[in-house]
Amino acid sequence: MTMTALLQFLQTWWVELVCAVVIVAVVPLIAGYVVLVERKLMADMQARLGPMRVGPHGLLQPIADAVKLLIKEDIIPRDSDAFIFWLAPVISMVAALTSMGAIYFGPSFRVADDINVGILFIIGVSSLGFLGIILGGWASNSHYSMIGAIRSTAQLVSYETAGGLAIISALLLSGSLQVRAIVDAQASHHMWFIFMAPIGFFMYLVASIAETNRAPFDLPEAESELVAGYMTEYSGFRWALYFLGEYANMIVVASVATTLFLGGWLRPFPNVQWLNWIDFLPALLIAAVGGYCIYRAGKQPVKVQVWFMWAVALGCFAVALIYVLPWIFAPLRFAIPGLNGAFWFLLKVAAYIYVFMWLRFTLPRYRFDQLMHLGWYILIPLAIVNVFSVGVAMLLESEFGWNRWLAMIITTAFTLAISVYLVHLHDKRAAAASSATAVTSDSYAG
Amino acid sequence: MDHNATHPNDTLLGADELVLNMGPQHPSTHGVLRVKLKLDGERVRGTECVIGYLHRGVEKIAENRTYQQFAPYVDRMDYVAAVSNGLGYCEAVEKLLNVEAPPRAKVIRTILTELQRIASHLVWLGTHALDIGALTPLFYCFREREEILKIFEKYCGARLTTHAFRIGGLQYEAYDGFEKDVERFCKDFERHIQEYVDLLSGNSIWIGRTRNIGVLSAADCIALGATGPILRASGVKWDLRKAQPYAAYDRYQFEIPTGTNGDTYDRYMVRMEEMRQSRLICLQAIENIPEGPIFGKVGKVIKPAPGEIYHSIEAPKGILGYYIVSDGTPQPYRVRIRPPSFINLQALDKMIRGHLVADVVAVIGTLDIVLGEVDR
Amino acid sequence: MADESKPPEKSESSEEPQPASSAPPQKSVPVSATPPAAKPAAPPAAKPPAPAPKAPPVAQTPLDNDLVRRYRERFGAAIIDALEDRKQPYLVIDAAQFSEIARYSRDEEKFDLLEDFTAVDWPRREKRFDLIAILYSFPHNTRLRLKIPIAANEQPSSLTAIWPTADWLEREIYDMFGIEFSGHPGLKRILLPDGWQGHPLRKDYDILQQDTTWVRENLGIDSGQ
């Protein structure tokens, strides 16, 4: 019974299993390279070069870092609960990876086939990551780690609320929680939801930065603060798990935003017939990148780097060829939506993550009480108002026959006015107090 | 209760007055500074600074060196602004000898000191911004500072502890292309200051972290002896370069920037504006460097007549004073250095009370202390 | 006279050639450049105060201006002396009235900034230490030094009630010289570790006498020679 049952299970679910294995194996590697991209971007914005030594242009840096972390001594604090200490980063990573299971990376690239509560599943499971944080802080057996963990959790929970409320505006527009249905709704509107619910997008952007503990909301893990954060006592690969979990979370959050607001795997202006030539852009863009690599190859100072640039260029051309082939060979036509979709999706996720990184290098850090105040006094009220206004806009369109754009613009203007008022209140309050008042959800204060 | 590290038996929650220890190794104390914070929950109720980790006995060393031999030691106090220290010392001994450096030496000294002021403020800006979380200004500031250090290196061979001046004038003539280098730097620098201002001044997060943080009134400043940009940011329009000009400062036009509130943001604005004014001074100076000797009438053995002198200058961090007592021998009898950072650091307690723990790094940063000078 | 060997290393810009006989011809040429004191003493054999050409311009001169008169009026004998050295005025005052004089300086004479407060050790004097307070007036843009001679065990009154900046300055004086200030809110060592023995800036303290015990116990090394 067991053998046949197993074989049957594999037969039905092999696609999903393969995708799951790919995610678990590949995503940490990709997260590692996202770290490298961040370091290179940071360096570029700071007028320096970034990792250059390990591999050509530092491309083997993540591998080197991973190897170093793997061979480090495993230190566990003496009085800590060893099982929880081991479990906490695992929970963090598992939460991030599991939530990736429900994401559609293209019209057909996914693990789980269209969960009917797709978005809710993703957000819910990725939120379970907070368990990893708090358990890690507790298991470190250090007061300051605990405080950092609690702060981090408080921040996460507050901004999760704000982010969830911000998402509702897009869900209202799509009418469904299913990922595929959301993207199809955007296709049928010929417009990404960011243009129809822009305030929701920006609120989700801010909330997602806070959810992933990125600057300017990274006080709980900043080095120059007294409380060094929940990750202090973790070294070696345990720390790497936390770190990769954070970057995997970034990818999840970016994917959610892309799905909901940026059209998922749709190209810009989807379903607009006279713009169908945009469908050729992926291949062209990749080929252009390849061409640029060839151009730069001539300027490299070292032989290895010249060859490397050529290798990258050839890789780009190979990928571009894969994109072009279906147009040439009719039997491969079916692959076009999949390939193009994956390209657009990854491009949008990359752009969203680029904005994350850009903000990190530009903005200073919020103090914790300012952070909580921003979340509870500005974002959440604004999110509620936004839900209300998007709903009103939809109602005006469907019941009263208003022009959709007019309704949207008016309600968006209304929400903007509310946001300006809220910020004004915030400034007044900050100016009145000589320093910040007590933290709203300061769960550790006496 | 003194918490140097976590102790399993101590309870944290519910402690009425908790003492939190910051340093001496800490990324944001700008050196080996230990600050014991008395906290009530999240608010600071009092501080106690423990200093002396970098005490090297410079004043005692001075009693066993000749005047010229002691000159390199003063660089090592405020090592971020070594040229200023050297200027103060050389001018003090020159006053003790009743000689004056020739005009050409004075002008070149002024140019180098103003460049050093810019370099010191750049280090301050980069590290202060880094403490508050802005990662990028540090690199931009150090990029500009690199140009100044290149000028120093071309001039005297050293970047940091320069020993650029000698008692009586200068040892090295301005190198070929000195004016051009300084001019090029100053012309470039305006746009860079604008970069920093764009990055930070209007940024609401920056304002939120620095406005009304660490407020020090003018009366408090004077009572506590805090001088330099701290005093000016509290509204006192006073600069020793204008009040009692030394070197060649009486020849040049420059403004004294002041603030209104005496908070961290005002100190930031004052120092930014000071950089601009230093740049203007340099531009005015290089247009007309007088010809002539660079070394005054000072012999090989410096033996001032018995007596004493006090001379102070406006160093980037505040008033830097030298009180030198001579007993007629080639070695000073007593050298006392009035260190601006030491005296400014006293104001930390007053500035930080009532603020949150997260503001401590901002306030320490805004004081612009260098532990080499605090401890000597 | 040892001065015969001195001329090659010029202590000042006065040109004194080696042979004494050629001194007279030199007399006419640089008479305007060299200080007058050198020339009457041209015969080098009987010239004890040869290095003294510097002395006249920089001696401490007694000072008697409005400021000094006001102080003298107010405090009489407590102002032991008023001198000017290299154009910088200072008052030598009695330690007994130190606090009142300081308060008067801040309130009436408007010396609102205590720029520095330090001490000098003259071990062979009866009153061993000289406390030096350097005051600056913002309104008048002038400086004044107060010099207070005190004996080895004397406890001068603290200035912290008048100028709060004196807090750490007095702690440093205590640390370096061992002078205790009465009325100081928390007089303990500031630069040296709390358990250090000895006061380094005293003249009878040197590297052989430093606190090797502390160093051995706390740093684990044997310092000093």
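To keep things simple, chains are lettered A, B and C as they appear, and every chain counts its residues starting from 1.
The rule we apply is simple: contacts are C-beta pairs under 8 Å (C-beta built on N, C-alpha and C of every residue); 3 or more make two chains touch, one makes a residue touch a chain.
On a predicted model such as this, the values are computed, not experimentally measured, just so you know.
Trainee: By the touch rule set out at the top, what is the minimum number of steps from chain A to chain C?
Mentor: 2
Trainee: Going by C-alpha centroids, which chain is farthest from chain C? Tell me that one.
Mentor: Farthest chain from chain C, going by C-alpha centroids: A.
Trainee: Could you state the distance in Å from the CA-based centre of chain A to that of chain C?
Mentor: Roughly 68 Å, centre to centre.
Trainee: Where the CA atoms of chain B average out and where those of chain C average out, how many Å apart are those spots?
Mentor: Chain B and chain C have C-alpha centres separated by 25 Å.
Trainee: Taking each chain's centre as the mean position of its Cα atoms, how many Å separate chain A from chain B?
Mentor: 44
Trainee: Show the residues in chain A shared as contacts by 2 or more other chains, in ascending order.
Mentor: Nothing qualifies.
Trainee: So in the complex, the part of chain A that touches chain B is made up of which residues?
Mentor: Going through chain A, the ones touching chain B are 42, 45-48, 79, 141-144, 147, 215-216, 218-219, 222-226, 360-370, 430-431, 433-436, 438-439, 442, 444-446.
Trainee: Within the complex, which stretch of chain B touches chain A?
Mentor: That would be residues 6, 8, 12-15, 20, 22, 27-28, 41-42, 129-136, 138-140, 143, 199-200, 203, 205-206, 208-209, 211-213, 215, 354-361 of chain B.
Trainee: Looking at the complex, which residues from chain B come into contact with chain C?
Mentor: 51-52, 55, 57, 59-60, 95-96, 98, 222-227, 236, 238, 243-244, 297, 299-301, 303-305, 307-310, 312, 319, 321, 323, 325, 333-334, 336, 338, 342-343, 345-346, 375-376
Trainee: What part of chain C is in contact with chain B in the complex they form?
Mentor: 9-13, 51, 54-55, 57-60, 85-86, 88, 112-116, 118, 120-121, 132, 134, 138, 141, 143, 145, 163-165, 167-169, 172, 176, 189-193, 200-201, 205
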